[in-house]
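What follows is a set of structures for review.
The same chain A turns up in both complexes below, where it pairs with chain B and then with chain C.
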Partner chain A sequence: MARAVSSNRKLLNTLIAWTIGLIIFFPILWTILTSFKTEAQAIADPPIFFFFDWTTENYSVVQERSNYMRFLWNSIIIAGVSTILGLIIAIPAAWSMAFVPSKRTKDILLWMLSTKMLPAVGVLYPIYLIFIQLGILDTRIGLIVVVMLINLPIIVWMLYTYFKEIPGEILEASRMDGASLKDEILYVLAPMAVPGIASTLLLNFILAWNEAFWTLNLTAAKAAPLTAFIASYSSPEGLFFAKLSAASTMAIAPILILGWFSQKQLVRGLTFGAVK
Partner chain B sequence: MGRITLKKVQKSFGSTEVIPPLDLEINDGEFVVFVGPSGCGKSTLLRLIAGLEDTSGGTIEIDGVDATGLPPAKRSLAMVFQSYALYPHMSVRKNIAFPMKMAGLPKAEQEKRISQAAAALNLTDYLDRRPGQLSGGQRQRVAIGRAIVREPSAFLFDEPLSNLDAALRVGMRLEISELHKRLDTTMVYVTHDQVEAMTMADKIVVLQAGVIEQVGSPLDLYHTPRNKFVAGFIGSPRMNLIEGAEAAKHNVTTIGIRPEHIAVSGESGDWKGVVGVSEHLGSDTFFHVKIDGFAEPITVRAGGNVDLHYGDTIYLTPQADLIHKFDGGGLRV
Partner chain C sequence: MATQQSRSAARMMMAPAVILLLAWMLVPLIMTVWFSFRKYLPLRGGDLGFVGFENYSRFISSSSFWPSVQTTLIIVGGVLLITIVFGVILALLLDQPMWGQGVVRILVIAPFFVMPTVSALVWKNMFMDPVNGIFAHLWKFFGAEPVQWLSQESLPSIVMIVSWQWLPFATLILLTAVQSLDSEQLEAAEMDGAPYLKRFWFIVLPHLSRAITIVLLIQTIFLLSIFAEIFVTTGGAFGTKTLTYLIFQRVLESQNVGLGSAGGVYAIILANIIAIFLMRIVGKNLDT
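Here is the complex of A and B:
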């Protein structure tokens, strides 16, 4: 039976939920608002919320000072290619772990996850040196490989959880029905796993897009994505909050819009396995 | 054709032997039921025949051809799973068509077989639905439909009725038996329910710990169980097995007597006892009678209207010629 909830209680719950939601969203809202202020209004005390002279000047200055499109393009290439490459490696890996597990499968999964527990800065030096040796410092290829590798454990885990949910008997039934391995994947597994693969792809794209540690440390000018673009506005010559906000808004806008339209998939992806 | 011969078939998982070398002959057109308690290896045996598990030794012949190394699809067998294992993203029509699509059958032939199967299984109105929109019984019919259209040389059923409620189970049991009579194709059926085994089988294979305890017709097994295990497993309610002094009178370790082979009297008889719990089924009543010196209560079948109550003293007399006798090793004497 559903638990009875009084209407007062419901109202309270709604209020609490909205408050938490607004608190979480507030920094982003503030950034967006600030990006439309003048520099003076941006640092005004007390702060001004809505009643200021809205201006888009910051955006034109930012666009003039730095080539936004180049950073955006780098972000798209790095996040996109690393995600697709990651999926190409992770799908067969997760497949074999879910459907033909060996004695060591659980250990391998845990080991992969344990690599995420290592502080990234611990391997910065060796990776930096390797990048210099290979001559891939400040290149998109170098970043694609690193970003793909750091997200790979998460993709494999997510896909593994999805594939585990597909009953083995269905695949066995397809084998009995005469399906070859190719048919089995094409007609049975893939259609059943599409929602899982899609949300893994989305989440990984967002993670790769937001990746700042490696992109900041391994790029200079050529391969720098939007994370580096934002960072370039926190210059030693003093912070220009309005411009920094405009740059940040421009950097997060694409991923925010993508996230908004795919929120259903994302939520399903993140809570998968929690409820059957 | 659908003759399946198992020769010294054996299966181990690591160092655990689940099926010691085993021989079995399944004749063309036979309805064979593998029955046994949970974990006795009956499903594993079926999966070995299907090719879903590899044998650790021995050979499996289907219609005289060695099929031991063949992949499942090449064995000309169709299987119905306990969980139905339907493709959730396909309509009923596409589910049934799938094996034919894999076999590359012409579209017209596919359509013809789909409508025949749908008509036979009362699925015509549901062809365009997804499995998720069907009831358990309908899903099971789709799974059977998917098996029929392949026109296999034998059907394999892995506890197909376990997920259905009791009423539906009886109905589907009859439908499967009817299907067997109509198609006249070999069927190998796995169940832990001995009532299913008794009502459907031409031949029952009783398994325990991977070992075949007895093979025979349902009535063979019922009347002449080869050992104590089969005696206790086949028949519902189960045979009364009595050890100790009473068995010693017959010069054996254990005697067995079925509930319907015991006469009840209010005045005199071989065993004096007190009526315990009774189960009224309408047509019959089963009394559990406690008798001094017996380790377990004796189950007795009586008519539907016998007037006996909890605590009444009664006398029981087993029919002497229907007493089963077993030696110390559990074998029939």
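Here is the complex of A and C:
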């Protein structure tokens, strides 16, 4: 509902919005700034904003002391593989629901959504027990499966809403021209579906990366991703602000960047297509 | 017009997702319900047999149950109130013409991408630390006594941290809804001399009501199960033990699986009551 306004009004809007935006962003900015300070400067009173001796020492200390790379690698593997597995399972399902809908399609979609609403803590012990029995507690494979399953409903839903927008007439036309199911998927559907699949991949990678219930409860030393690594800073190491900041910055930087690309898909993905 | 063949192909394609989710839902759910009727202490004798509804009554009558319900309601209610009120204001503001709109949008959305353990730790240490936190500096600057945020004001502190994380979500969805508002209607009202508040109340707010409802329901479901924020900041101390956290402690910390499972069943029922409302709205949207 943007309308023409005077440039005074525009200036005022800009000022207010930037002020609020910077306040909201401040904790992130402050974390990034602090990560480049020495420990003494990090707790200086009054706080120092930009004029300190920039140092990257904290980053190397964090890496040396805690083997940051291993946690990073666990995060990448868990988020990446679970998302790709989820897509492999969800794409056929969403495709068939979007293009060959039956009377039950709506019920199945809503039921899938309902599994997402199951509170994780309600099934914590059974999952824990199953993990022990299968010997997959504190392994990446176990977490990959769990994270894949908790995101699967969102993946199916997002793909479904994207696929739904592909006009069915094109498929019919290709069928008339004698395209087989395989041709139809490969040459007609795939090119049109790629953007939707890419956004689904992006958003679910982010969700998987930040998942912090199962990753905290089902990992210890071996398979712990960055969420658990950061939680280990809760005390007393958290008192080293600069190192805490360096570790935090490394944990959130990749996702902040991916997040910028995914902001448009965020709404669709998280409201299950109910707000577009 | 789908053929018999394509129908069975469709079923085959849906099967893996359906079977996996069915197993993911049913197996742990049945186990939780099963455990909830048994006295099961893995570290102190194991499975000691069937006890009927004893776990259910014990869970409710334990001294930490009602406080945990109250804590849960305060956190969920507080965060909902803050994120929705500020979300509407921010959405309306971000919709106004300004310079650098895209950048401001990114600044506002950014907290959503910060992993929960990071935001909890950054707030806990760098902002709410009573000696070296930014707030302590700020309070001292104005000559006030620094607050022991996470011990004295534990609930407001957690509400604040969680609101910071969820404000972007509310703002983004409400902004999407604001942008679909018919500007002609607003202009007509403006020409008829309706003041801003009236326009907001009678045109903008009704238009947003659907989006607000969706934000409310989705956030409620996620907020009911917040965990990392409490795990990292207070560990459930200082009156911040939510229902989720209480169940977690019963199950994993004190290893009383029967009791914790009964709590889990309560949590599942509670989440389902809210989920039904959400599903109805989402389901209606599928028809159009």
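Quick note on the criterion: the second predicted complex is superposed on the first by the 241 of 276 C-alpha atoms of A that agree within 3 Å, B and C clash if a C-alpha of one lies under 4 Å from a C-alpha of the other, contacts with A are read in each partner's own complex, and residues count from 1 in each chain.
One rule holds in what follows: contacts are C-beta pairs under 8 Å (C-beta built on N, C-alpha and C of every residue); 3 or more make two chains touch, one makes a residue touch a chain.
Bear in mind that the values here come from a model prediction, so they are computed numbers and not experimental data.
A simple residue count on chain A separates chain B from chain C, and the partner touching more is C. In the overlay built on the shared chain, the residue A:Asp177 is in contact with chain B alone; chain C does not reach it. In the superposition on chain A, A:Trp95 makes contact with chain C only, not with chain B. When the shared chain is aligned, no partner comes close enough to touch A:Trp73: not chain B, not chain C. By the touch criterion defined above, A:Glu169 lies against chain B but remains apart from chain C after alignment on the C-alpha atoms of chain A.
Of the two partner chains placed around the shared chain by superposition, neither chain B nor chain C is touched by A:Phe52. Looking at the shared chain after the overlay, A:Met192 reaches chain B, while chain C stays out of its contact range. Counting contacts as defined above, no chain A residue meets chain B in one complex and chain C in the other.
Taken in their complex, chain A has these residues touching chain C: 1-5, 9-10, 13-14, 16-18, 20-22, 24-25, 27-28, 30-31, 34, 43, 45-47, 89-90, 92-93, 95-97, 99-100, 102, 106, 108-110, 112-115, 117-130, 149, 152-153, 156, 181, 206, 209-210, 212-213, 216-217, 226-228, 230-231, 233-234, 238-239, 241, 244-245, 248, 251-252, 255-256, 258-260, 263, 266-267, 270-276. By the touch rule above, chain A contacts chain B in their complex via residues 167, 169-170, 172-179, 183, 187-188, 191-192. Only residues 2, 6-7, 9-11, 13-14, 16-18, 20-21, 24-25, 27-29, 31-32, 35, 90, 93-101, 103-119, 121-127, 132, 134, 137, 140-141, 164, 167-169, 172-173, 176-179, 181-183, 186-187, 210-211, 214, 218, 221, 224-225, 227-228, 231-233, 244, 247-248, 251-252, 257, 260-261, 264-265, 267-268, 270-272, 274-275, 278-279, 281-283, 285-287 of chain C touch chain A when the two sit together in their complex.
Per the touch definition, chain B reaches chain A in the complex via residues 50, 52, 71-73, 77-79, 81-83, 85-89, 98-99, 102-103, 146, 150.
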